[in-house]
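Have a look at these structures, which come just after this line.
Note that subunit A is present in both complexes that follow, paired respectively with subunit B and with subunit C.
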Partner chain A sequence: MKTRIQGNKASKYLLILFAVPALLNFLVFRYLPIFWALRTSFYDYSLLAGFRGFIGLGNYVTIFQDSAFLQSMGVTLRYFLYYVPSVVILALILGMFVSLPKPGVGFLRAIIFIPVVTSFVVVSIVWGMLLNKDVGMVNAILQNFGLPRIPFLMNTKTALPTVALISVWKNVGYSMIIIVAGLKGVDKSLYESAYLDGASSLRIYWSITLPMISRQLMFITIWATLQAFQSFVPIQTLTGGGPNKATNVIVYHIYNIGFNFGRMGYAISMSIVLLVILLLVSIIQMKMFKRDY
Partner chain B sequence: MLIARRNERILKNILYVLFFCLITIIFIFPMAYVFGNSFRNTQAIWRNAYPFTLKSFFTIKDFTMDGYLYSLGLTDTARFQGVNITRNLMISLMSSLAVVAISMFVSTAAAYFFARLPFPKKNILLVLVVATMMIPQQVVTVPLYFVADFLGLINTFWALVVPWYSSPFVVFLLIQFISDIPYELDEAAIVDGANRFQILWKVILPNCIPGLLTVGLMEFQFIWNEYFWPLIAINRTKLQPIQVAIAAQFTDRAQNWGAVFATMVLASLPIILLFLFAQKYFYESVASSGIKG
Partner chain C sequence: MKRSLLCLLMIVLAVSLFAQGGSEAKSSTQGPKPVTIRVLKIDDPLEAMAFRDIVAEFRTIENGKYAHVNVEFDVKPFAELFPAITRAVATKSDVDIAMVDGPNVRHFAFNKVIKDLSAHFSAEELKTWAPQSIVEGSYAGKFYGPPLVQSAQLLWYNVDMFEQAGIDTSNKDGWKLGPNGDALANFQKLTIDKDGDGTPEVFGANTDGPWDYFYGVVGRSAGEKGSNAYKLVADDGITFTGYFDAPEAIEAYQFQQDMVYKYKVKSAQEITNQMFAGLSATHFYQDMMIGTQKDLFPDFNMDAMEPTYWTTPICHTGSWHYGILESTKNFDEALAFVKFAASDAGAKYVWKYKNQFPANVNLYNTIDEFVDPENPRHLLVQYFQKAGVPRIATPAYTEYNTLFTEFWRSLMAGEKDVAGLAKKYAAEMTKSAQQYKGWNK
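And now, the complex of A and B:
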């Protein structure tokens, strides 16, 4: 039985005052930017000249005919294909590994998680230097072994996978901890009975462990997808979208068009398109996981 | 049979040690690289760059604090060139602490409202709050610029604080923590004649200190490491938080590499130490996000 403080109706409505400061923040800084962006997307708008006239769906029509936007979405999609499977598979392997009852796993968890708490700017710069063609340590090691030096970030073929790899190094610890938490919740007696039934460890893994952590797998997949579509820091600090637009991911493209080219209305319309795409992708992924398990 | 099993165990242990070392190298070396080079000057860094040997990597022959002194504006050259990141560090520290302090009150009050207080159609409000967690932050950063500009926040210290003083994710996590507190404690306080505010202050807050630590550390790390938002919201060098200052120092033409490394250490060490001393709370914030996702 819950006791309730009795009060008149007015004071009951006043209770919302507890939530008002936080709700105000969400209204002004989370919802308002989206509505503002929606409105702006119907105008020809630039940073310097301001609103210059209503153009209806003009921005949206232009976006889907704009080769630069389509090129950037292509880069983003490729980045997504490099990044998401790598993060999910590595998080799964590392999560299993650091869940073993062995000495030193706490240490491993900590060092894998340190990049997560470190800023992406620092991580990007460090890897930018390590992978530098002329002075980087990775290339020095390659040369030690008699291998050719690789211009990781300066080559149109290798730049995007390299940026994806840097992001994996930075973020995998987060997903790993989610897997660790998921594995902790798996009922140990399930393993024992399967083992007694003579199931192989691979079979146990496939039929017991994976389904038991399907929620965590769903979460890290969606999380990694959102990150993949929003990659910005390593691009802005290391490649500037280059070489030859090979790493021109969409958030960087939007930033570039808006702030460096001053076409703000157009940049904001692209934000709206990206927002819709991301919401759709998240919903589709959730549906797919629900169907499987 | 017994020998075969013992051999298998030895093999497994060797594999464990190998994998352990591999992970350690991949995650420790980049950090050691930054830390070591922060105590060298530019010439020594390049001299050690090739050939790569463990000796050149770990050498303390060129030990110097010049990078740190220069970054902190304590040498004549630095004073002459106007280099001093102390100010940027302070801005990052002040804005992070301000966000955490305000959020402790605002977000906890909102979470208390959602977890405990009667209010008509409260669930609809909660759905609206949770829905904002679906908004990809980097995508709406550009639109957020205009809302902040309208409010006169751009190029002020408050641009770093006001948009983030509460977060839907933090409110959501705190609701879970508060729901775990037995309602009997509230009832006992009501019997003693406490009002809602006194219950929040004397019953709820003291009982969700682990929860507050978890979200507090999470927010501190978020604001300390944030880059995209301050990059566009602040363009006065004197107001830049440390992450933006690092990127500027990195792209600066007349680079002092020892100083770049020293700045990265100064910007990362506080948050890494915080993590090492409070690992439990960092993992907790990650794990609970995975479960709720």
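And now, the complex of A and C:
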């Protein structure tokens, strides 16, 4: 008995020992920078000029008086509304489709996944060329169908949905694979029982499939939310936050303030606010999924 | 057997270690300790070849005085270079030299990132480079860094398209902009909309990236020399209101927008290699057009003329400068390298591989392409001397250029209230520059 307890203790220590490198990595490269950033947010700080004085909550007070921050958060919220439901719904549909035992679905799955492993900078540049109003292929096709040319990225109304659409195309494959993995884990006997009880396909989907993949759904929803709030590459490559700040999402705004306007302390304080917002949104989303399923 | 093998291995290792230590000890008695200087620069394969040769020759000058100096290059894409320099300073990394874009010299000098080199360059040495380069490399009357290259722009054109449109290619004078100017009439002649659908297959004028370097001259050219529009920013370097949005400048911005939406002689969005791809008849650009033509479109029939203008002919000058970081621990070696690289002897390699307009006056005066009156590069030098001006003198250039880019994108997107847009951005530029108040005193 004594030996067994000692053995358990030893394996516990061994497990901790194995976890130490990963924990150190998190501590040094994740948590310490967050604490450093939190401290810096109370200073007037610039990367070039260094710490120029303690200003307490000054940066935080400025945030909520800064119309540019509020405008940028508004843009981010709109982007979130375009992006997250599109990714989740499309991932569900595609995940269901490519899980069917049909020939060619493996190939289709690979095709949908390819954008995930390509560089976002490269695909953004390619999409920029395709969507060019005057010489882009998409507009040439539209014109051949007798439709007017659309300045996708040059119009304040269409620029943000267009960037969101490109991001959905780029990232949906990852969420789809998560859904496929979830679907594979659903016990087939549940479906058989439901069929025997005469349940309709819709009923089966609603009452069995969705609840059984709720963890995967929660994951892709939170993942997509994080991506929506942290979108940067397509904005920088395609629109530069324009036209007229229509695509000035919060991370792009923070980058500009920190690197191009030399106000890193203020940029960091905006990042801290964003972190709090993301934590709150993630907690709400997790609670919603727990309540529903 | 195993034990003896192990012993043998140990002996071999020990001998090799001693041998290494011995060679180190030997080398340390032969000359100065090796020094490595790190250079943060733009990622450019042609420039990399030039620096390979520059470093090789640098190590042989003055009887091998700098043979112990190694030069390492940390390269970044253009868009990442400025943040990379900023990061290098913030993290106190061991970068010794950074390539600084002309207009950013003041920004880095103001923030004490780069060293004042005034004491290390005599008045005679400063004559090595064009006066514009000295202005661009200076801040508050002090010299911070010699130039790597220079730049100026011309209006490059497709000779065949000009001839088909009946435009006289022998006249190299710039066309006047405005609703009644000859620029619009000629751009209209050059614009081709075969199917009449309102989207031309060939635009008379090209569209490039929305940066101050290209389009900052629009407002400036609209003013007389010395006027607010021409200056673009007040003499204090931080007031844009009343300058960027001067009435003549607004008129010029409006016309640029009209070229896209009203006259349809110009695309709203940037198109890569637009003229070479046959999608525009002209391209307002630096002499690097010649390099692109030689490398990628050798059969393209291209020539150049002076750029279009409103009231005052103007083109922006300025390119990369060498800046020695305040934090360097190898100042003497870094200075020697910078002096050599920027000298005629070093700059000739940059010309050899990169083929960009040298900042070294003696050098470009000895290159046939710049001397031959028939060559477009000769016209480039003439225009550079006649109308070349550095970009605006402000330590807030990065802030200004970021906002200018936003402004230009919105203008090209068809923003209806052009005057309101210009005033809004002038106010934002002024606000963002206030942190530099008193910088030039």
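Methods note: the second predicted complex is superposed on the first by the 268 of 293 C-alpha atoms of A that agree within 3 Å, B and C clash if a C-alpha of one lies under 4 Å from a C-alpha of the other, contacts with A are read in each partner's own complex, and residues count from 1 in each chain.
In the analysis below, a contact is a pair of C-beta atoms (placed from the backbone, for glycine too) under 8 Å apart; a residue touches a chain by one contact, two chains touch by 3 or more.
Model, not experiment: these values are computed from the prediction.
Q: Of subunit B and subunit C, which one touches more residues of subunit A?
A: Here the partner covering more residues of subunit A is B.
Q: Which partner does A:Phe259 contact after superposing on A: first (subunit B), second (subunit C), both, neither?
A: both
Q: If we overlay the two complexes on their shared chain A, which of subunit B and subunit C does A:Tyr174 touch? Say first, second, both or neither.
A: first
Q: Touching A:Ala49, do we find subunit B (first), subunit C (second), both, or neither?
A: The answer is second: A:Ala49 touches subunit C but not subunit B.
Q: Looking at the overlay, what does A:Thr209 touch: subunit B (first), subunit C (second), both, or neither?
A: neither
Q: Look at A:Thr239 in the shared chain and tell me whether it touches subunit B only, subunit C only, both, or neither; answer first, second, both or neither.
A: In the superposition, A:Thr239 touches subunit C alone.
Q: Going by the contact rule set out at the top, does A:Val122 touch subunit B (first), subunit C (second), both, or neither?
A: It touches subunit B, and subunit C stays clear.
Q: Looking at A:Thr62 after the superposition, I want to know if it touches subunit B, subunit C, both of them or none. Which is it: first, second, both, neither?
A: The answer is neither, since A:Thr62 touches no partner chain.
Q: Quick one: is A:Gln285 in contact with subunit B, with subunit C, with both, or with neither? Answer first, second, both or neither.
A: Neither partner.
Q: Examine A:Gln71 and indicate which partner it touches, taking first as subunit B and second as subunit C; both and neither are also allowed.
A: neither
Q: Return the residues of subunit A at which the contacts from subunit B and from subunit C coincide.
A: 129, 135, 143, 236, 259, 264
Q: For subunit C, which residues are in contact with subunit A within the complex?
A: Answer in residue numbers: 79, 82-83, 86-87, 89-90, 108, 111-113, 197, 199-200, 203, 210, 267-269, 271-272, 279, 398-399, 402, 405-406, 409-410, 412-415, 421, 432, 435.
Q: Under the touch definition given earlier, write down the residues of subunit B that touch subunit A in their complex.
A: 16, 19-20, 23-24, 26-31, 33-34, 46, 49-52, 57, 105-107, 109-110, 112-114, 117-119, 125, 128-129, 132, 134-140, 142-144, 146-147, 151, 162-166, 168, 171, 183, 187, 190, 195-196, 200, 221, 224-225, 227-228, 231-232, 243-244, 246-247, 250-251, 260, 264, 267-268, 271-272, 274-276, 279, 282-283, 286-287, 289-291, 293
Q: Give every residue of subunit A touching subunit C within the complex, in rising order.
A: Counting only subunit A, the residues touching subunit C are 46-50, 129, 132-135, 143, 149, 151, 153-156, 236, 239-245, 256, 259-262, 264.
Q: What residues on subunit A touch subunit B, complex-wise?
A: Touching subunit B: residues 2-5, 12-13, 15-16, 18-19, 21-23, 25-26, 28-34, 36-37, 40, 94, 97, 100, 102, 104, 108-122, 125-130, 135-137, 140-141, 143-144, 169, 174, 177-178, 180-182, 215-216, 218-220, 222-223, 226, 229-230, 232-233, 236-237, 251, 254-255, 258-259, 264, 267-268, 271, 274-275, 278-279, 282 of subunit A.
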